[in-house]
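One chain, subunit A, links the two complexes that follow: it is found with subunit B in the first and with subunit C in the second.
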Partner chain A sequence: MDPQLLISGVIFGLSMASVYFLMSIGLSLCFGLMRIISLDQLLYYSVGAYLAYTVSVVSGNVWLGVLAGVVVSGMTALVVERFIFRRIYERELTFSMITSFGILIGGVGVIKAIWGVVPRPVRMPTPDLVTIFGTEVPVYRLMVVGIAALVYIGIWLFLNKTIIGKAIRAGIEDVEHVEGLGINVSRLFTITFVIAGALSGLAGGLHAPLIMVDPQMGLEVLAFVFMVVIIGGLGSIKGTLVSSLIVGQVVSIGSLIYAPLALMAPFAIMLLILLVKPTGLYGSTMVKK
Partner chain B sequence: MAEQSLVVRGLNVAYGESKVLFDIDFDVAPNQIVCCVGRNGAGKTTLLKSIAGFLKPSSGAATAGGVNLIGHRPYDVARMGVKYVPQDKKVFSDLTVRENLELGSYATKDYNWDRVMEYFPKLKILLDRKAGFLSGGERQMLMIGRATLGNPKVMLIDEPTEGLAPSIVTHLKYVFGELSKSAALVIVEQNLPLVCGIAHKVYAMRDGRIVAELPGGAALTPAACEPYL
Partner chain C sequence: MVNAFKWWWGILLAFGMLAAARFFLPLPFVNEVLIFSIYTIGCSFLLGRVGFISFGQPAYLAFGAYGTAFYLFYVGTNPYVGILAGVACGFICASIVGPLFVRLRSDYFALVNLALAVIVFYMMQKVLAEYTKGDNGLWFLTNIASTPVLNLGRSSEFFIFATLVAIAVWGLYKYLDDTIFGACCLATKINEAKLQFLGYSNYKVRLLAFIVANTTTALAGALYAVYLGSVSPEITAAARAADPVVVTILGGVGTLFGPLVGTLAYTALRDVLSKFIGNWELFVGFILVFIMLAGEKGLWGSAAPWLQKLFSRGKAADAMGGERR
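For the complex of A and B:
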């Protein structure tokens, strides 16, 4: 393979991995703490992308659009958590999955009503290119990777150095015991859900300039996000990072070797990993309480 | 008569259609150690979990210092000064001992660990160890120590000595004595010599009912409790 093509593919894979990571971390945290499958995170991803589009068109500043996407996605997540999820935390896992899928489909309908069905382009915040080992790479893709790395560090610091983060980690192990200490876990649930929604919105906003924004964009990445969460292990932040990198590179390099591999190879990797380690790379054997 | 630390009246609990506790009545006076004995499945753990808010009774009342406990979430009950120490010795294994205690402090706003370290000096040298690497006895020390933060008025302790070495059981016996100076303790326990050594009163349970109330003191012997196991 042409080395320049390979370098370009690796950078592309890293930027894809960054988007997958930002999206999957919310799903993973929500499952880990609340034992819910929150497919509506994919809606917040779309909301983030559309806000980036609208605000960048109005203000001319894509970064402002990305920021608006984060804020609106977080607020949407807050409303959904307060009025819907809070009522169903005690129910079976499948109930949350079906409910969140309903929210996603309903939300896609709202997006179509507001923005229409025509895909929208979002301008790159910077058209600059940088040369890496003789290969020209878009600076924006590197910025996406950098932002995802900063988010990982931020999440790590939040979970390990703040008392709320420690309570969330404890809750991922056993939420009942956390409540028994006297900690209001429903507040932890809200904080986690809003963080998850805001990060999904950030993923959408950052991804928007790399793709065409369209109402189905959340559904299009659904399978990849699921693979990332399952390969990494539900509830594991480190696992989510590692599996994002794996899936991102497999999609990118796979497409360079043989285009259909981009879709097939991640599934094959997931099956292989599940055969060897059914809990995923860093997952623990968690059960619905 | 002085106000009781914990009063339970007519408590009935069911798992779906299956009733597991029947008209439970009991009282715990301040600074009293009350033990519950009975076979597996007698309803001892269900009783403690119902008082602590983890299970919703179908009827009945439970009050601590005159304050109603029923219908509140477990974190509210804990904040009312009624702490539950479960039997599974499940500490937060991914967190260090220090972090486990920090969570207890965060919940109670009690950041003074002097009493915890006084009761369990070993925890001082284990502060930075991940709780998942602690022995069973060390886990129990951590769980009881963490529960003492905030000076609870009632502690509900489920099978604290199960599977522990005799030396640790002896130490826990001393700790329970010390804790009872500031709190009322309800302890579910199968270790009859320990029960007889610490209990001011014993409730024997069978099939979800309290079938006997035995006074503590010299008259309380393992032989007196054995028929209920």
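For the complex of A and C:
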């Protein structure tokens, strides 16, 4: 294969991996701590992208739009958590899944009502190209990768160095003991959910300039995000990172070889991994207590 | 003879009422209700009896629909053979993915199924576009030959056929409820370890249940294909993945008549409301959230005890089986 094509393919794959990683981290954290499957993360992704569109059109600055997307999707997540998820933490897993799917579908309806069904373009923040090994690569894609890396480091520091982060990690192991230590678990859940929603919003805002923003965009990445989460194993940040890198590269390189492979290959990999290890690469056998 | 009648009368009454409704409700509506309720009963069985939540039902619907469509478009003209082809296609596909899927925990099962629905959508839209004609879909209404006894090309006669099929499907599921297999399904949902202890294989019970439920779903897909005379990738879109789950929960999870009652309510609401509200997803989403928060008993689940009370004054009290949950 042409090496120039390969390099741009790898960069493309890395930027896709970054978006998938930011999205699946939310799903993974929510499952790890609260034992819910929060499909509505895909809604916050669309919210982030639409806010990036609107604010960038109004103010002319895409970065401001991305920031607005993060804030608004975090706030949406807060409202949803307060009014809906708070009531269903105690219920079984399928319950949260059905409810969050309802929120996702309903939210897509709200987005259609506000912005209409026409796909909207978002301007690239920087049209510059940079040359790596003789291949021209858009700077913006590298920026997306950089931001995702920063987020990973930030999440790592947050979970390992702050007291709230340590409480979240302890909660993933055993919620009842954390509660016994006098930590307000309900507030912990809220914080985690809002972080997850804001990260999904960030993913949407960052992805918006690379694609067209349309109401169904959440459902379009749905399959990829699921594959990332399943391959990596629910509830594991490290697994999410590894599997998003795998899926991103497979999607990108696969589509260079033969276009339909882009979607089929990750699915085949997922089935293979599930055959060997039904809980994914890094997934534990955690069950709802 | 009397026993057989007792066993059947609930189903016959339900569909008799639906058949009577045909005379004062528009025909497309009743046909839609019949097919959709067959579509839903598979999902209801998986969710209520086996404890599997499947957002991937559109994928199995598509297997059935495309099986029929390929036959009628490329090979033959007989709609009955077409429906058989669709069911066979659904059965084969369910048997292939089943062994992989039923080993998973219920959360992974749901995610993988939804991923499957999305994959099948892309496959039909892009990868196999040469054979499926992509977004345009396959149109074969004129290919359907008229058959002697019941001419499926005419919707009034299709209605009779669909009613008979639905009665057979409901009979099958009622029968399954009464067998040891039905009991095993419930047991695998409630207490896996105990079922294993009794000497049954959880894996085999689940696999069989999965195949039965999804072959039923494929049957609904095949009926859709013949009824509409066209199939497009739209039927497996992820946005519609919630439909069977919504109807199942609306009707009452795991009850025999829940899917029928749920479908009636859902289709009626959709037809009435879509005249006023253009935004259909908004409504589906919020009704789903609302039902879940209100307690997931559903329409039939709430009405059944009340009905049972009403009928238990009469003689045929114990014949109202099926809605034991």
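Heads up, the rule we're going with is that the second predicted complex is superposed on the first by the 289 of 289 C-alpha atoms of A that agree within 3 Å, B and C clash if a C-alpha of one lies under 4 Å from a C-alpha of the other, contacts with A are read in each partner's own complex, and residues count from 1 in each chain.
The rule is short, and it goes like this: a residue touches a chain if its C-beta (ideal position, glycine included) is under 8 Å from a C-beta of that chain, and two chains touch if they have at least 3 such contacts.
Bear in mind that the values here come from a model prediction, so they are computed numbers and not experimental data.
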Is A:I183 contacted by the first partner subunit B, the second partner subunit C, both or neither?
first
Let me test your reading of the model: by the given contact rule, A:A203 touches which partner, first (subunit B), second (subunit C), both or neither?
neither
A:R169 in the overlay: touching subunit B, subunit C, both, or neither? Say first, second, both or neither.
first
Given the touch rule stated above, what does A:I84 touch, subunit B (first), subunit C (second), both, or neither?
second
Between subunit B (first) and subunit C (second), which does A:M217 come into contact with in this model arrangement: first, second, both, or neither?
neither
What's your read, subunit B or subunit C touching more residues of subunit A?
C
Considering only the contact definition stated at the top, list the common interface residues of subunit A for subunit B and subunit C.
none
For the complex, give me every residue of subunit A touching subunit C.
31, 37, 84, 87-88, 93-95, 97-99, 101-110, 112-113, 216, 219, 222-223, 226-227, 229-230, 234, 259-260, 263-264, 267, 270-271, 274-275, 278-280, 287
As the complex stands, subunit A meets subunit B at residues 163, 166-167, 169-170, 172-174, 176-185
In the complex, subunit B residues that touch subunit A
52, 54, 73-75, 78-79, 83-84, 86, 90, 92-95, 99-100, 102-104, 106-108, 146, 150
Which residues of subunit C touch subunit A in the complex?
47, 51, 53, 55, 100, 103-108, 110-112, 114-115, 118-119, 122-123, 126-127, 237-239, 241-242, 245-246, 249, 279-289, 292-293, 296
